[in-house]
């Protein structure tokens, strides 16, 4: 990357204080930036770090005190810095290009314009790949599956038959979309498989983390709404419905037929029971176990998940039980003495 | 799928009430069924949903009240519905067929009759694939590994050298069977690798979930018994012994050398410590941490896992600690006043 | 394997008591060993098992009582047994050899001497593979990635662009190194992707478990120090820094920018919050949630993680709450009676 501070300012709609002609060659965190890098400060508490940073320029919302570095002032430093990272990414990330001769694409598959398919990708019968989509080596696209335009499928990801992804989706390495749901009926001490004939439908701008597994529905559809972001090693069970613009952190498990509303946030390691409902805008803390439905807009944590403030009091109080036991014993003794 | 209600009745051993010649083209849940679909009701509480279902026919154990739809009466509606789903699956799932020219099969591998091996599958030296087994693209079968007849290995699954699977096993996408166990000996502040030279042996009719990892034994065998079903993202440590017909839910972790009996159920997110034993028929609730052995037939939950009823009382009681602290303080005050 | 007991003694620096010419053909645990095998006993409490073992010889620190088997006496039986397993591994494990014609290696990639690359491996532009490294089928090495000499990359593992691994690393099947970190900025109810342009740098002798996911840094480096061993299904977030010679058990999750010191041990299922620090030599128990920084050398467990002894008392005390509630109620009654 090689761009002037003034050009960055134009791109992100900001104002330069200092040398607009300064050449920026990279971007990094304030502590790790080197000469040529631009960094950013989000909050006042990080200002002292500017005294020792090696960065050549700083993105900030307002001018930090005691800072002589060239500044780029913008309304939202996070987003402006993200835009600079995007420039860096464009210059440094080399996606595969074109259709590699050692990919195997079924004759009936439909491949859009300007698609990149690397070696050892298997595109099955009647699969459909949208324009400008990039598929890395070793990925598998099943029969009748559909990947929307502008998507990126990273190496060794699997999208099984009949599953559908919208536009601009990102599926990270090793993720599995459309594996059979975990459905078995007991019979005479054995487990009989209930075939899983449904599909997975994923909206636009969805990101699926590395080694995450999303099961197809028993029948019907496992659904993930537009704009939802799912981290690594997450399990989404059969027939789960997830709304739009949710954020699901790493190692979350969502059991079959759970319904997650829109704009819901779920912290890492949280388990959500099957067949329950989490309302729009709810926020579930990390390491929670959600055993029953949660109303819209609520903030819960713990196991079973309860109001976050209540849970915090419970957590703090747990440390006091050993002392409490002593105090109760003491009270019992005192009272016994009185009775003597 | 295109089959009459009468033909389905013959297949599942049921009785039709209504038009036996009715054409069924699909199957779906009661709420999502469309015209042409058959649905099922398991319990009386779901009868009201029949008033608004779009399904064309219903599988039930006995005639629901106020239901005009053609009925298929059977002893076990779950299993009968599963049988219909199997028919749907047979008509809609297109497994790969034949040996793809871009698979690489070692000359000394033994491939059974009617085996399907898709592109980019690597079958290593002396591996043995049973009759009618289907191996999807990108799967890896290591040297001397053996896959029983009638199995399905989904895309990018890995079965490492010397591991053995029985008949009719299903290994989902991205699953790893036979990775090295996590064995290291401390020496002068470093960790020396203990080579893991054992194997994994899996019985018949076992299902291994997507992105699950099953480690080979240090020496000897990591064993999973016939009929056991393992969900996604599960970790099975080296030398673990799992009995027959168990159900292990998603994200369970089983540490090295643990012994799980027959017909055991383990809920999601549960961790089982190494070298302990879980007795036949035991049931372990979700999110439990099993730190010591569990007798046969017991139902446990919590961390450390204890009798489920006791754990429920403990869970409920935790919410009462903040109040309890106040009450004890109040008692202390009252008693102090008395002493004045 | 076919080696005499005397030859093993020479290799591990031990002393034979009994027939040095005895032929050893395998090694196994004391309970599972068969004729021809050597086993080992670590502690006195395992001596009784020697009465019924089928093993032909025993490795021990000192002569067990009532044991007629040929003995190999050494200072560290664990390590000596590990050395025997290494011999077994060398004779039985068949790694791929040479460059398979159906691998796709970019022309600008640099491949060291004596490298093995199996079928369907994709080595991208400018990637660099050190001498004697073995790459199994289906693995992916991204552009500008570097794998040190003597490493083993198991099937379908993914090392994305610009990531670097040191010498003698082992990456297990299905592991992902260098996936995008989970970074999104909120804007008008949507989540805008922050490009993840950093890398992952891994030291020498590191082991990465099956289906584990290690995210690249947003900018800068996600770092894993020399000698650190990571188990299966672990999540390492962007910009995490892990020191040297740590042991991270299965299903651990480490959130973004956490700093783990040297020689730290983390038990299974433990979650570590972002931006906190775990000091050198600390030990974190299984199923813990570490919400704030932990001083060097401490032993913690629970959620939130606290001193392990304190946590144990809290755990034990939790079971006593239902009884405590009864006792407080009883005290209240008694006191009320007194007041009458």
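First chain written, first letter: the chains are A, B and C, and each begins at residue 1.
Definition applied: a contact is a pair of C-beta atoms (placed from the backbone, for glycine too) under 8 Å apart; a residue touches a chain by one contact, two chains touch by 3 or more.
Just so you know, these numbers come straight off a predicted model, no measurement behind them.
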Key: Interface composition of copies chain A and chain C: same or different, split at half   = different
Task = Determine how many degrees of rotation, between 0 and 180 and to the nearest 5, align the Cα atoms of chain A with the equivalent atoms in chain B.
result = 120
Request  = Averaged over CA atoms, how far is the centre of chain A from the centre of chain C? Could you give it in whole Å?
outcome  = 25
Note = Multi-partner residues in chain C (2 or more other chains touched) are 102, 120, 138, 156, 174, 211, 233, 251, 318, 321, 324, 328, 331, 335, 338
Request  = Mind listing the chain A positions that touch chain C in their complex?
outcome  = 26-29, 32, 76, 78-79, 81-82, 85-86, 88-89, 92-94, 96, 100, 102, 118-120, 136-138, 154-156, 170, 172-174, 207, 209-211, 227, 229, 231-233, 245, 247, 249-251, 263, 268-269, 286-287, 315, 318-319, 321-322, 324-325, 328, 331-332, 335, 338
Request  = Mind listing the chain B positions that touch chain C in their complex?
outcome  = 102, 104, 120, 122, 124-125, 138, 140, 142-143, 156, 158, 160-162, 174-176, 179-180, 182, 184-185, 187, 189-197, 211-213, 215, 218-220, 233, 235, 237, 239, 251, 253, 255, 271, 273, 289, 303-304, 306, 310, 313-314, 317-318, 320-321, 324, 327-328, 331, 334-335, 338
